[in-house]
Structure formats: structure tokens, C-alpha cells
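So that we are looking at the same thing, I have put the structure below in C-alpha cells.
Naming follows writing order (A, B, C and D), and every chain is counted from residue 1.
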């Protein structure tokens, strides 16, 4: 996380659990309506050809989209995914993935975000996937507040 | 796997690597144009609320779609994902996920599959996600044959 | 319309306006959660190759999905499209299009429908497009009731 | 069309036929990998509420995406739509629609484009829809060359 958020943000709390934690998702930056999440390559995150697995790419994009949309909601609300769509554009064969999400529109309880996912090798970033996600805002259940 | 495939099929070989292996994807059945893949719940596969992570659901659907499409291709060809779209319909809070894919259409080198993903709790299956995937058939690179 | 609905249903009223009316969309059947809408070929509805235009196919699928979802809502509510996704599977070169929609899931105010679109030539129907639509239920504005 | 193209481009020839001609699609600008297409409001292009019909919006986005992708292909090749996905973000209630497409990636015979669609009222443009389209490049059939 890029800064001295204290206590941890909802995004950090969400990210520190389950698959995103186990895979090593790393929140790089959040500004309202935008989020950047990174993931280093590991052998248990790739597919047959040794590139990042499409589902892992989708998970990272989903996480970034959720953070971007949630960052624009009032406290106590969270965005959950209604649907997600990913186009795979080039092999995700770098050492790291970077997902950069931005909220395109919030309208009532529906938010739409797009995510550029880059495969990073050294200083070179290549757009490897493009994602659109539709989110629905709901009240964070009491047990998670 | 449902039967005495010997040597292992391409689907089994693909599945035994990387994320699908690490997560524990289990090929239940393949008939040309159809595939069923299952995944047992684990704490490292869920999201914040404790349900299967959307990216993991997508990965399972993607794997099933790829197997369904590839199963209809000539030997030496494999389907890779051009784009995938998933609608999340209800909480994936069961003990197991079952993804059932079928090829809707092969046309030239483009195949389209749909996948029903069920959350299974005991004997009860609930449709928790619906997926459409567009695949592109390509020659299996020599080093993977 | 398949029967003696009197007064006209909301679906018929919606269909009798604007593009759906001008293009000649014909409601063939409605049962709660399902809708069938047809469209005869005309030279002003095709694309360059003489097949039905992809946008016209999408419009028909959208209309059918909206009717299917709305048919399951309480009176005074209508489903509007959040997002729609269409795969074009084979040339829509028949004399008529038939869109058959079904609601996959209603959950809160969100409904998801799939639509099979067939190109019909004489007695032969060919699946030419497959669509997924996400709808949002809202109160019909007072001026439209 | 923005300039002295003489003879007409493939995009203009395609646009001058069928639905795009009947609806009044107007090519505003083409540079390789980008296209802008506009459409004035007419009563036969709207839906029940009087806004542009979602299918008409999709048709315009599809046309713009096709032109953007085709503009980057060698002469004699054309992009046809494999699948298209549109999120509707706000009411398309302006006097004109403007679709601005750009090619995100060409890879082999597959091209992916995104399209921003604006509803224009006087000098104000509002993003009303966002579209992703996957295109397949094929040889223009001899009878259309």
C-alpha cells in the first residue's frame, strides 16, 4: 500500500483474505475511482504455457475494479461483482502483472469499471488484458464492519 | 477423470500444471464438445465473504470451456481464450464448484462455449455463475506435444 | 402476440414504439421468464453482406431479454438493460430472425437473461447469435403507466 | 466524411448500405486504428422512453469498431464482429450519438476495439455507453471488392 493508511482501509482488509492474500495481490495505489493492484509471477499462478492463468488475471482485474468502485462509495458500502468480461490481448509472460482500474460510471447502486492489465518485464509494460466489470454496491454486512 | 484414458489426454496434461493443479481442479468428464471440471473449497480460494473468489470461478469456467472446445479439435490443436465473460448469479458458498461447459459453435478457428457453474452443498447444486468464452484454435507448440 | 391479451401488455406497449415498431419486431410468445420475438428481413435491416446487421440482431435480443425479465416482475416495474453481450455464431442470412430469451436469475433488482437468436429460412432454424443481458428493475415512470 | 477520399473508402461503401444507410450513420473521421461515427436522433431509432434504442447504440458502436479495425488491415481485408459487449451508462437522450472507436490490439487475424459512445446535446457530450468488440479479419469476398 502506498501510504500511511492507519487503520487499514477496507480494500486492504478485503485483500488480506483468501485467494487475494494467498496469491500475493499487492495494492499499489488507490485514489477515489482508481486502483492499482500488482501480482508477482509464481509457478502456482500460471497455465500450461507458463503464462499467468486467465483466471488469475481475471481475479486481479476483479480485485482492482472492486477497489476502484468501492473507493467512491460512502463508508460502510462495498462493490460486489455482477459480471466481468476480459479480453486477453497478448501473452502474460512477464514477471509481474499490474492491474489499473478506473470507475467509468456510478449510477444509483451500479458501478462500471474498466481495467488495463499489464504484463511487466523489467521496465517494460505490455497491455496483456482489458477488462470491463459491472459492480453492485451493497451495505457491508455487519460481521465484516 | 472418468475413465481409463491411457496415455493421459491433452486436457489432463494441461490441467496438471500451474494454477489448475495448485488449486485442485478435477476433470470429471469429457465428451467431445462437453467438459465438466470440479473444485473443492479451500480457504485460499475464497474472497472476503468466504465464498469462492470470482477469479477462481472464472478460472474454473475457463478451464472447462477450453477443454470442451479443444475436445472437438483435431489432435495437435488447442483452444486458447480470446475473451471470457462471467455473470455471478448467487453466492458461491458451497463446499464444491462444478463447471459444465459445452461448445456452442466452432467456426473456422473460432469456438464459442458456454459454462454453467454450480455451487454444490451436499446433494444440492445451485447455479452460481454463467459464462461465455470465445476461444481460438492454434497448433500446440512443438515443445508441448 | 399469441393470445387475447386485452388490454395490451406492457411488452406490447413498449414494442409498439420507436425502433422496435419501425423495424417490425413481432412478439410471438410470452410466458413468465420467457419471451420470443421475431423479425422479418428487410433491406433496411441488413449490413454490407446482406445479412441482418449485428446491431439489429442485438436490438432484437435486447427486446426479448427485456420482456423475459419484465414478465417476472411485479406490475409497474420494468427491466432496463445494464449491459448486453452478443456472440455472432453464423451468418444471419435467413428471411427471419427469432429471438428466444429466458431469465436465468432474478436477484434483488438485478436480472440476467440469455437469448438464443435463430436465423430462419423456411422451416430451418440456425442458431446465429447468443446473447447475455443484465437488466435492472425500476419503477415504470408515472408518465408511462 | 472528413476529407477528399476519392474513390470512396471501403468504410464509406460499407456504411452506404442497409441499416447503417437507412438509419443515417455518418462517418466523421477515420485515422488508422480510430474511427468516429455519428447518428442524429429520429423517432424510429428510439426505445419506449424516447432515448436511443440500445440496439441502435450497439449498431453504431459496432460500425465504428469495424471501421477502426478494418482501417488497420491490408487492402482487401475486412473486420467482422465475433462478439460485442456494451454497458449502458446513462440515458442516450441527446439529439445525436457520437461513437469513437479505437483498436486496442491486432493479433493475428483477431482485433479488439473499444468504443466510447456519447450522447450529444448542443455542445455537451455525455458518455452514455461503453463497448468492447472482438473482430476477425477476413478476405473481402470477391463480389464486394
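The rule we apply is simple: a residue touches a chain if its C-beta (ideal position, glycine included) is under 8 Å from a C-beta of that chain, and two chains touch if they have at least 3 such contacts.
Keep in mind it's a predicted model, so treat the numbers as computed, not measured.
**Q** Would you mind naming the chains that touch chain C and likewise touch chain D?
**A** Joint contacts, listed by label: A, B.
**Q** Consider the two chain pairs A-C and B-C; indicate the one with the greater count of contacting C-beta pairs.
**A** B-C
**Q** Looking at CA centres, what chain is most distant from chain D?
**A** B
**Q** Averaging only over C-alpha atoms, locate the centres of chain A and chain B and give their separation in whole Å.
**A** It comes to 22 Å between the two C-alpha centres.
**Q** Between chain A and chain C, what is the gap in Å from one C-alpha centre to the other?
**A** 34
**Q** How far is the middle of chain B from the middle of chain C, if each middle is the mean of its Cα atoms, in Å?
**A** That gives a centre separation of 30 Å.
**Q** Counting only residues that touch at least two other chains, what does the list for chain C look like?
**A** In chain C, the residues touching two or more other chains are 82-83, 85, 87, 112, 132, 134.
**Q** Inside the complex, what are the residues of chain D that reach chain A?
**A** 85, 87, 89-90, 104-105, 107, 112, 114, 127, 130, 132, 134
**Q** Flag every residue of chain A that touches chain B in the complex, lowest number first.
**A** 13-14, 17-22, 43-50, 53-56, 58-63, 80-88, 141, 144
**Q** Taking the complex as given, what residues does chain C use to touch chain A?
**A** Per the touch definition, chain C meets chain A at residues 82-83, 85, 108, 110, 112, 132, 134, 136.
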